[in-house]
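Can you read through this structure? Questions will come right after.
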Amino acid sequence: MSTADTSEKLSRLSSPDLDEVLGLPFRVLDDGFIRVIDYMGTDEAIVQAARVSYGKGTKKVNEDRGLIRYLLRHKHTTPFEMCEIKLHVRVPMDTWRQWIRHRTANVNEYSTRYSVAIDSSQKTSPSEWRKQSSDNKQGSSGFFSPEDGKLLTDQEKEFHNLSQKIYNERIEKGIAREQARKDLPLSTYTEAYWKVDLHNLLHFLALRMDSHAQLEIRQYARTIGEEIVKRWCPIAWEAFQDYVVHSSSLTRMEMEILKEITSGNTESAIQKAIGFGMLNSDRSVKKNREREELEEKLKDLNLNIPW
Amino acid sequence: MSTADTSEKLSRLSSPDLDEVLGLPFRVLDDGFIRVIDYMGTDEAIVQAARVSYGKGTKKVNEDRGLIRYLLRHKHTTPFEMCEIKLHVRVPMDTWRQWIRHRTANVNEYSTRYSVAIDSSQKTSPSEWRKQSSDNKQGSSGFFSPEDGKLLTDQEKEFHNLSQKIYNERIEKGIAREQARKDLPLSTYTEAYWKVDLHNLLHFLALRMDSHAQLEIRQYARTIGEEIVKRWCPIAWEAFQDYVVHSSSLTRMEMEILKEITSGNTESAIQKAIGFGMLNSDRSVKKNREREELEEKLKDLNLNIPW
Amino acid sequence: MSTADTSEKLSRLSSPDLDEVLGLPFRVLDDGFIRVIDYMGTDEAIVQAARVSYGKGTKKVNEDRGLIRYLLRHKHTTPFEMCEIKLHVRVPMDTWRQWIRHRTANVNEYSTRYSVAIDSSQKTSPSEWRKQSSDNKQGSSGFFSPEDGKLLTDQEKEFHNLSQKIYNERIEKGIAREQARKDLPLSTYTEAYWKVDLHNLLHFLALRMDSHAQLEIRQYARTIGEEIVKRWCPIAWEAFQDYVVHSSSLTRMEMEILKEITSGNTESAIQKAIGFGMLNSDRSVKKNREREELEEKLKDLNLNIPW
Amino acid sequence: MSTADTSEKLSRLSSPDLDEVLGLPFRVLDDGFIRVIDYMGTDEAIVQAARVSYGKGTKKVNEDRGLIRYLLRHKHTTPFEMCEIKLHVRVPMDTWRQWIRHRTANVNEYSTRYSVAIDSSQKTSPSEWRKQSSDNKQGSSGFFSPEDGKLLTDQEKEFHNLSQKIYNERIEKGIAREQARKDLPLSTYTEAYWKVDLHNLLHFLALRMDSHAQLEIRQYARTIGEEIVKRWCPIAWEAFQDYVVHSSSLTRMEMEILKEITSGNTESAIQKAIGFGMLNSDRSVKKNREREELEEKLKDLNLNIPW
């Protein structure tokens, strides 16, 4: 007696929609790509694993879609770890530096000790130069005019040519590849096999599709999400949109103030905000990030800011 | 230009020998099993990943078998992480306690909070009762006679019946499952989906197929190795036998003494052994584990012990 | 030139409040405990690490408390990984089975292969027997009367005595410890050193202090939180309360319906709820967990349920 | 009753030798460093943790040094995870790319999105330019003459000045820092807090102190080993030298051939070598890496190569 029928042979689960694009590169940036090499499991594998945990009890109550959505909504993450995907990515080293910070993945990167570096650097077109954001220290905001950008792009092109020339000269002179590469610009493309389970991939996507992520990695993340995960595990992908990407969270303070507002107690809301350090004691607005974040959320809910 | 041909569609790699047994349980112990639910990659996936790391350079030099063997021999482990397997296991909780200590795997275990516990405990037959080893504090050595074992087995059976009866009574009385289970014996079977990559699986097998591992988990490990990995990635499995399972290692001290012995310098060997604290200064043998371990290795090499 | 002043010797950060209780056991359950063996870092270490990431820029803008709260609110988790703590815990094996599922910790557990098992099992007093929850398949709800409990407790005591007697007999007969232990009840205490960083500890606490966690592990989690983390990193602990423990989250659907409600559009709210499958098309309430969850949140905000 | 005396307050373990250098930078390369920020545990912590695992049994048998050596020799690695260290490192991005591949550590890196990049690149002096190894595709072998190196160094200096100039211009023009950095050379220094346990640190050192590791990371690894670990956990460090760094391993084939050689059976040794594909069937030497590796080991043992 077991929790599952073990008398019949299994076949591997497969996702016909993903099979359609297996090996085919989705282009990202000027010369990057992402392509699926292999995968294990589909939406059905999530259900299969959950049913081992929950035993026979689940079968009748939920159908698959409801179960997957329930699991994701309540952060029962282990069944999502039962799906695995292997991608071949081509990405600028600067972007890869951010990517590789996610530790829960398996990686084989192209070795520039062993082989000559990939002869391609990410180029910025005249209309792609971004301005430093003034209110977000680690972000950008808006673009330079194509006219201003033209100069920057020309300068960049010249610099890439020079760096490539120096690299090639070093290689021709017989300098060790491991040393010759030391001055390659961060924009140089690298390639890697990157293997990760669905739970950790969704966590990666939540962080890297976010508007605070850098534009370049965001483009890779979106491609993975919309071109690959959506084909691979469409139900999990939809649940991820509903419960993670488009969800909102409220802190203890925000809950308390919101409760006063929805109950019509404007004065109590203000007193709470003062108590939480969001307003000065004379009710005037003070520089305070939590207040600003709350105000954004009130706007999203079509509620008036009481102060 | 990329490190790989990206113009053609891929198909998923598959292992026909493993496909043959997909879903079918390999029996272990009296009521346990292991069966393969799904997998990703084969020997070929190891080669494929290595070639991303090493670029175009490798293709001509090595054929696949040689490359896989080279990688394993030199502990280039990342390409082995590119294969993944998902097993459904049924195992006594006592064995599972050891199994789960390996942290680099994904797990969905049967929940005895959610469902009634599996109605089966690992039974010990009269001939299976093992004696405490006298020289290995954490091992066993030899068996009790079936006559002596009979009494133990009868006592065990009675105890299992009693524990099951108490558990069932608690459940019938309406005690919460999460609490009713608190006195189940460790011999109670549990089930889990266990997903792991080939590198970490081989590490698990190296530790758990070893003669120092407990007999029960050793039987599971051997089944995974010989029935599953051998079918799945036969070249990697053979390399693992040659370079890990049947390899030997020599410490700095062992190397130094061995060198004296193979050079015929018996006296120097003895002096070194004294210097390393393996012998007393009067050359008499002292209780010392490193000396004992060295003597074992000398015997394996058909060499005389010089002291 | 570096991001930090490297010309002066450092001293180790220490937390005087935690030093007060170092090594002293906090009692949990009838015979369990948790005690702090060692730790690294304090609130200040979080700030120190964040300032390496953010360079000189941060220093003026935020003071420490604000920075820690900002980091936790926005899930910048890596600085919290810079604090580490090592606990000595004594816990029933049944609870330990749940505990050990958290993989991002270092563990040394008491070995019942090497040594005789700890001679203590978690006992349930007459007033502690819990009823199976009817609406939560993996929970309990309410207690049996002490009179009913008395019988269960007596039965349990007898069973513990018997299992201990059988275990001792096996040991005396010379059965290998690794095998003799196979029928110990899950209520048997084990001990371990458990070492974890603050980020992963807070994640553990978020899951295990939650009302859905089993009562036993919840008591351990609360003790760790309120007796240990609160003394160790009081600012991070307070932020954790405000932004994790007492926070609330809203799904995409909940946001959309809530927005209609706070805008006074009851009819639109109902239409949305129908569209999301929370209500039948005739506006009648259907069995739907998402609707129930939303209704809970509306109550928390003192808002009327529009259907 | 517990496995340890829980009645007395503990103090934190400390390593006086390491305390001496806390915060002080050890210089590496032309402008890099490593300094210890904090640590937890010492050799004594390894013993302490092992004794939880092994219970009371160990105390009498082994003294601390013997126990630590035994644990390391037999790869009982978990007690070594009970020591933790936090380093502040300054390292070229090219080296950091290799460093960060070790996933079992906690990291806070200097952010060039948030702050202006560190104004320093690793410079190669005229005598430091290395030649590509001809027999090791991923290594270097020998140096260029200082005269030849002079030109390369001058060229490099000019290139660094140019890249820095372009970066500064971009920043001054208001280009977002996250984008301005895209063409920084890999030789640009970065800084990070890097926190790791002793087991994983020793694994890192075994790989990165090895002669196959790139010279730059090898210098960091040696500094960590010889200046830091040696002061921190001197007994573990010594055991690591004896059992890992200066150990040797023999494959199944090497063991079999060696046994024939030490038994004087030259002919059998040759036949085995033919059977293992190390020699051609006419006994002539064929290109075969395993044979070359074996020959190296035979030389180390002062044994004649039989073919």
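Read from first to last, the chains carry the letters A, B, C and D; within each, the first residue is number 1.
As a convention for this text, contacts are C-beta pairs under 8 Å (C-beta built on N, C-alpha and C of every residue); 3 or more make two chains touch, one makes a residue touch a chain.
Just so you know, these numbers come straight off a predicted model, no measurement behind them.
Novice: Which chain maximises the distance between its CA centroid and that of chain A?
Specialist: B
Novice: Approximately how many whole Å separate the CA-defined centres of chain A and chain B?
Specialist: A distance of 36 Å separates the two centres.
Novice: Rounded to the nearest whole Å, what is the centre-to-centre distance of chain B and chain D, using the mean of the C-alpha atoms as each centre?
Specialist: Centre separation, chain B to chain D: 27 Å.
Novice: Can you work out the whole-Å distance between the CA centroids of chain B and chain C?
Specialist: Centre-to-centre distance between chain B and chain C: 31 Å.
Novice: Two-or-more-chain contact residues of chain B, please, as numbers and ranges.
Specialist: 54, 57, 107, 109, 111, 114, 137
Novice: Touch graph of the chains shown: is it line, ring, star, complete or other?
Specialist: Topology of touching chains reads as complete, every chain touching all others.
Novice: Going by the contact rule set out above, which residues of chain D touch chain A in the complex?
Specialist: Touching chain A from chain D are residues 92-94, 97, 100-101, 103-104, 107, 109, 111, 113-114, 121-122, 124, 129-133, 137-141, 144, 148, 152, 155-156, 159-160, 162-163, 166, 170, 173-179, 181-187, 214.
Novice: What part of chain D is in contact with chain C in the complex they form?
Specialist: Contacts found on chain D: 1-4, 6, 8-14, 19, 21-25, 33, 35-41, 45, 48-50, 52-57, 78-79, 81-82, 84, 86, 88, 90, 106-111, 114-116, 118-120, 191-193, 195, 197.
Novice: Sort out for me which residues of chain D touch chain B in the complex.
Specialist: Residues 54, 57, 70, 73, 137, 241-243, 245-253, 255, 258-259, 262-263, 289-290, 300-303 of chain D touch chain B in their complex.
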